[in-house]
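Here subunit A shows up in two complexes: once beside subunit B, once beside subunit C.
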Partner chain A sequence: MPEVKEATDSYFADFMRLEREANHFPAWLGELRKKALEEFAEAGFPTTRHEAWRFTNVSRIAETRWCAPETSANGAAASLLDRHAIPGVAARIVFVDGLFAPELSALENLPEGLQVVALRRAQQQPSGDLPGRWIESHLARHAAIGENAFVALNTAFFQDGALIHLAPGTDLKNPVHVLYLRASNGAHTATHPRTLVVTGHQSRGGIIESYVGQTDEACFTNAVTEIAVGEDSSVEHLKLQDEAENAFHVGTVQAVQARSSRFLSHSVSWGAALARHDINAVLAGEGAECTLNGLFQVTGQQHVDHHTCLDHAQPHCSSREYYRGVLDGRSTGVFNGAILVRKDAQKTDAIQSNKNLLLSEDAVINTKPELQILADDVRCTHGATVGQLDSEALFYLRARGIGLEAARHLLIRAFANEVIGRISFAPARQRLAERLLGRLSKGWTSEDSL
Partner chain B sequence: MSTETTAIEQLTNKEYRFGFITDIEADTVPKGLDEDVIRAISAKKHEPEFMLEWRLKAYRHWLTMKEPKWANVHFPPIDYQAITYYSAPKSNNGRPKSLEEVDPKLLETYEKLGIPLKERELLAGVAVDAVFDSVSVATTYREKLAELGIIFCSMSEAVEKHPELVKKYLGSVVPYTDNFYATLNSAVFSDGSFAYIPKGVRCPMELSTYFRINAKDSGQFERTLIVADEGAYVSYLEGCTAPMRDTNQLHAAVVELVALDNATVKYSTVQNWYPGDKDGKGGIYNFVTKRGKCLGVNSKVSWTQVETGSAITWKYPGCILQGDNSVGEFYSVAVTNNYQQADTGTKMIHMGKNTRSTIVSKGISAGRGQNTYRGLVKVLKRAAGARNYSQCDSLLIGDRCGAHTFPYLEVRNNTTQVEHEASTSKIGEDQIFYCRQRGISTEDAVSMIINGFCKEVFKVLPMEFAVEAQKLLSVSLEGSVG
Partner chain C sequence: MLKIKNLHARAAGKEILKGVDLEVNKGEVHAIMGPNGSGKSTLAQVLAGHAVYEVTEGEILYKGKDLISLAPEDRAREGIFLAFQYPMEIPGVSNMYFLRAALNNIRKHQGVPELDAMDFLSLVREKMKVLDIDEALMSRAVNEGFSGGEKKRNEIFQMAVLEPALAIMDETDSGLDIDALRVVANGVNALRSGDRAIIVVTHYQRLLNYIVPDFVHVLYNGRMVKSGDKELALELEKKGYGWLDEELQENRLYA
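On to the complex of A and B.
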């Protein structure tokens, strides 16, 4: 495939230029990035012939020559932030078109034990200033570059991102909000944001990661988030993808859980022309618990793909997974939920459910729950359904004088609330519920109504 | 625990009961495959020109194909030039007219397998089209069926006597380009069964066939075609056992079912090919393509299978639900023990309006067995009101086996309802304890639990098979609780 080769060649050129321009990354990271680039060059962009990409065609991403965005007008970014900031958070770190925007962030008076830094800043500090050790031992160590070409691409090209650390014993009341805004209007811009969350033992905290954008031109976000959940600690992570309607979003969330840790993930995806989310958790310590929630609600020509993998590597772990899809227009949805139970992971308890609502004649859903079990003393179940709004429930509501449209919205909201309702931070929950309502009543255009 | 373990070992190490070789002179073509071999096969079977052309087309297409690698099974590469593609018992020259004329040694083989052909003929009311290696040696009840206009004969005979039906339906469900093994089968298939049920006829008895691989190193390439014309009903049984061997044998069969308007075809299989010994040596490779087409409105195709044998099973009996209101069913019990590997499941393609399908799959893994369910439910855009229910449960016995599920649900219509449920569990120590406390031996308890686990599938099996299936399960698994 000559075009693909050409494309990877151009990535090589970009990489070399970046290395020359910005050699602010330490040597160990430079090595990793180089390796990642080689890995990417080797693998190239996946095609629909790859099992994991069977239903998601990324040729439009592969064929475009992406460039780094220009520094943008902050007015647009500020108004985006106004609409997407969530009140009451412990800290807010904002990136505009891939780069840290200190003037929009709120990083003062952080609660004790919490560190939030921009990756670029962290590298520029003298090493004594920041306990860089946790960065070195976790950054780019968990998301495997060999399994996903986009992870390799991000590792080779990330410029900035949020680094969050919770000291042992920290109990964070309110979550940290990380915002990646796309405001520049340059054509074919790509960003590769990188997020790292590390929690010490017996700590607790929440992270909200928002990817929002308002651009007219096609743009591409390739995000990777690594979360190292420390022993006996608890992390709640919400990823909200609400990018512009002609954006491409590819993102991986990779969590690694230590002994007796709890990880709760929510993924809400409703923007972008094409969105692909890989959400993986490795239950690497005994007694770990993991919950993956997800909601996607799309319309028009949108395509949204969730691939989740729960890797039960140790015994006595439990996992729960709830994914809900609402599809309208000519949209297509993909859900692939793998549960892998390793050989000695006895006493594993895993439950997965995926339910999908098809609201229009042209909407398409491909769902594939997947169990791979190599231990015998386990309890694993999965369920998947595809259906429509319950006509009896609609009738019930209409018989009580509720209009068809309102009744439909009510039922869709109830359906989506199975996921949104599990988010523990009330302002975020409320914001999502409002946004859902806005999307429903606005005929689901991605035009922000709030 | 230690006594229990000994019992497990004894039971899971049981040698294959049906392992023996019948020594009969076979009329074989030389090893290897080329166009001449295909011409030779076709000539030996006195086939009309169109069949030879079809075989050659398939062969030429096969040359361009590669073996599929996506299945969750592992085996050394197969040397297709080391296989003998045609082997018929010599004594078959000048076909026997009745059972008395059949080589007594063949009859003895069936006797050993517990298929008393004569008894069946008299008592069971089953017409048996027994296939020994590649050529039918005895067909019973033919006359009785002929009175009703039912054609039930070997494939070779059908090609000779009813070429118009064969030409019309052969390859209409599984085209010769379908997949690697089906294409190979299309090129070299030796024999199989053919059944045609005319309009409005309900076949009064279960049609049945027993397959056996016998001549050394002969791959067996069965081709079965069953056509139920408008309003007809037929239930077909297929069962297999194979003698003990050391080298792996390839079995690449193709089964095609066609159901026209208001017709029903029910196809039941008990598959018990030689699974290899307890170290995973030998055994049959069972790479089978089975597909039914609900061509007409209100038609129904139902698959029931009990898979206990074969070193490797690769099999996805599917239904193409083309006619409006047609129904597809798939009931399966798959057992893997020792080093057996099974990648099996179904495909339900909903094309017509208000089509319905049900999938019930039960996988049991023991020893080092790997059991995979792989299923596809596809609802095309015009299949309004389609309905699917799938359930696949896995039972694990021992800590070195694996159970995997890969269900694909692809839905393109918003008036459909698709449901999929899967669970994995093991036989609990508490369940065993409960039974033992009540004076039931461990073995009986396990057998009881397994039979309960598979009940949903057994209850749809025809009577003769239900009994055999339960016996097979106990032979394969009894007591192997870990």
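On to the complex of A and C.
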């Protein structure tokens, strides 16, 4: 694949320039980044011949010569924030075109036990050290650079991102909101946002990550989020991706769970031109519980791919997975749900479900469970459905006076609400429900909950 | 109010209704009886506008206007209500939301102001009492996880709230114990009035002890073969439907 090699070569030049210009990372991180670049160069961008990328063709990402966005203060970021800020959060940290925007963030009066810092700020400490050993022990330690070229690429190139820490015993009532806004209109810009969440034992908290943008030119977001869920602690994470029709989004969420921890992941993807989400959790301690909850709704020519992996590494863990897709137009979707039950992971209890609603004859979904079970005393079930709106249910609604269009929307909302309803922070649910309505029809105005 | 003339309807290439005639006036209660498979539900669904049934011949006039060309939602807005034999479950949509949307669609069509959540609740509380409906049911998803009896009661509750001009009840009595039957009948009887008409579809006479019909018709193999008053229902109860076969055979032989 010479053309792919060439594609990765240009990244070397970029990397060297970055090293010269911004040599402000601590030595340990510098080493990791160099290794990541080598991994990326070795692997190159995946092609559809790679099993995990069979249905998602990233050649348009591979063939584009991406550059860093120009940072310019503009009103677009403020209006994006207006639209996507969620009320009532504990803290808000905002990045515009990849870089921390303190003037748009709200980081004062944080609740006790919560730390939220911008990676770039953190490195500008006079000592050159990052604030807290937790960063060194966790940053770039969980998302494996050897398995996914995009993770390697992010690790080599990330410039900024949110670092969030919950001290042991902290009980965070409202979530932290991280917003990655794309507002620049430069052509072919790429950002590599990096998020790290670390929670101490017996703590509890929520994180919302929004990837949103309004850009005229094609742009590329390559995100990685690492979440280390401490012993007996509980993390709820919502990744909300809602980018422009010409945007490319590739992102990995990698969680690692300690003993008796709970991780609740939501991925809501309204898509881009192409969006690929890898959502992985390692149940690395006994008695850990994990729920992966997801919704994607795409139309037109959009393509959205969720690859999830639940790695049951220890006994007595349970996982639940609920993914739903709504596809209209000529859009395409992929759901691939891997569950690995390792030899020692006896008494694993895993349930996976993926349901898809095809609203047009041209929409396509590829759904596949991928179970690898090496322990013998386990319960693993999975099921997938692909269907249209239930015509009998539609008739029932119409026979009560509800018009065809409204009845269709009602059933779509009900289908999606199964997923949205699992999000515990009400203002986030409300926001998502409104967005769903907005996407269905501009004429629909009822904002009542179903 | 309703005039059905020589109605033929088919589904999946099979003729089910083979020339049905029926006239229902304001204030009347009609019972349609007949053995399983005779086409009772098909008639009810055709009246509600189910697209799986194709009307191949005949006409239906409702309030003097052609009904067949109306969309199902427009029929409902014009006052037709079908209590389904098998009500649908709609996961993710609460009864409250569903019923208020239905009511407001109908009110809007009639030029009456729509109700907000509070006004709606006070309106339905009354009807809940009559039909012995638990308020908790309102926040549950439509018919989801309901027992057969609960579904039937919910249909009649909807009917009580929507106050249709023409109510069609398809086998509402099946799956109800005697107490529930009484509750449902009370709900229906409360709706009886000089400007409403009710069609009760059943193949048992039992319900008709509580909702006493003005007319009883027998639908048999896609045709109305007999009409009478409530005595006909009692006769059917006693003799079953078998004798109809013989009588029809004779008619054909000696006609």
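In this section, the second predicted complex is superposed on the first by the 434 of 450 C-alpha atoms of A that agree within 3 Å, B and C clash if a C-alpha of one lies under 4 Å from a C-alpha of the other, contacts with A are read in each partner's own complex, and residues count from 1 in each chain.
One rule holds for everything that comes next: contacts are C-beta pairs under 8 Å (C-beta built on N, C-alpha and C of every residue); 3 or more make two chains touch, one makes a residue touch a chain.
Since the model is a prediction, treat every value here as computed from it, not as a measurement.
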Q | Touched partner set for A:S137, first subunit B, second subunit C, both or neither | A | neither
Q: Name the contact category of A:V386: first (subunit B only), second (subunit C only), both, or neither.
A: first
Q. After superposition on the shared chain, which partner residues are touched by A:S59: those of subunit B (first), subunit C (second), both, or neither?
A. neither
(Q) Going by the contact rule stated at the top, is it subunit B or subunit C that touches a larger number of residues on subunit A? (A) B
Q.
Taking the superposition on A as described, I'd like to know which of subunit B and subunit C A:A375 touches: first, second, both or neither.
A. first
Q: For A:E418, select first, second, both or neither according to whether it touches subunit B, subunit C, the two together, or no partner.
A: second
Q) Touching A:E51 in the superposition: subunit B (first), subunit C (second), both, neither? A) first
Q. Can you pull the subunit A residues that subunit B and subunit C both touch?
A. none
Q | Touching residues on subunit A, where the partner in the complex is subunit B | A | 51, 343-344, 346, 356, 358-388
Q. Which residues, counting only subunit C, touch subunit A once they are in their complex?
A. 48-51, 71-73, 75-77, 82, 84, 87-94, 97-99, 101-103, 105-106, 109, 117, 141, 158, 162
Q: Mind listing the subunit A positions that touch subunit C in their complex?
A: 390-393, 395-404, 406-407, 410-411, 413-415, 417-418, 421, 446, 448-450
Q) subunit A touches which residues of subunit B in the complex? A) 70, 381, 394, 396-426, 482
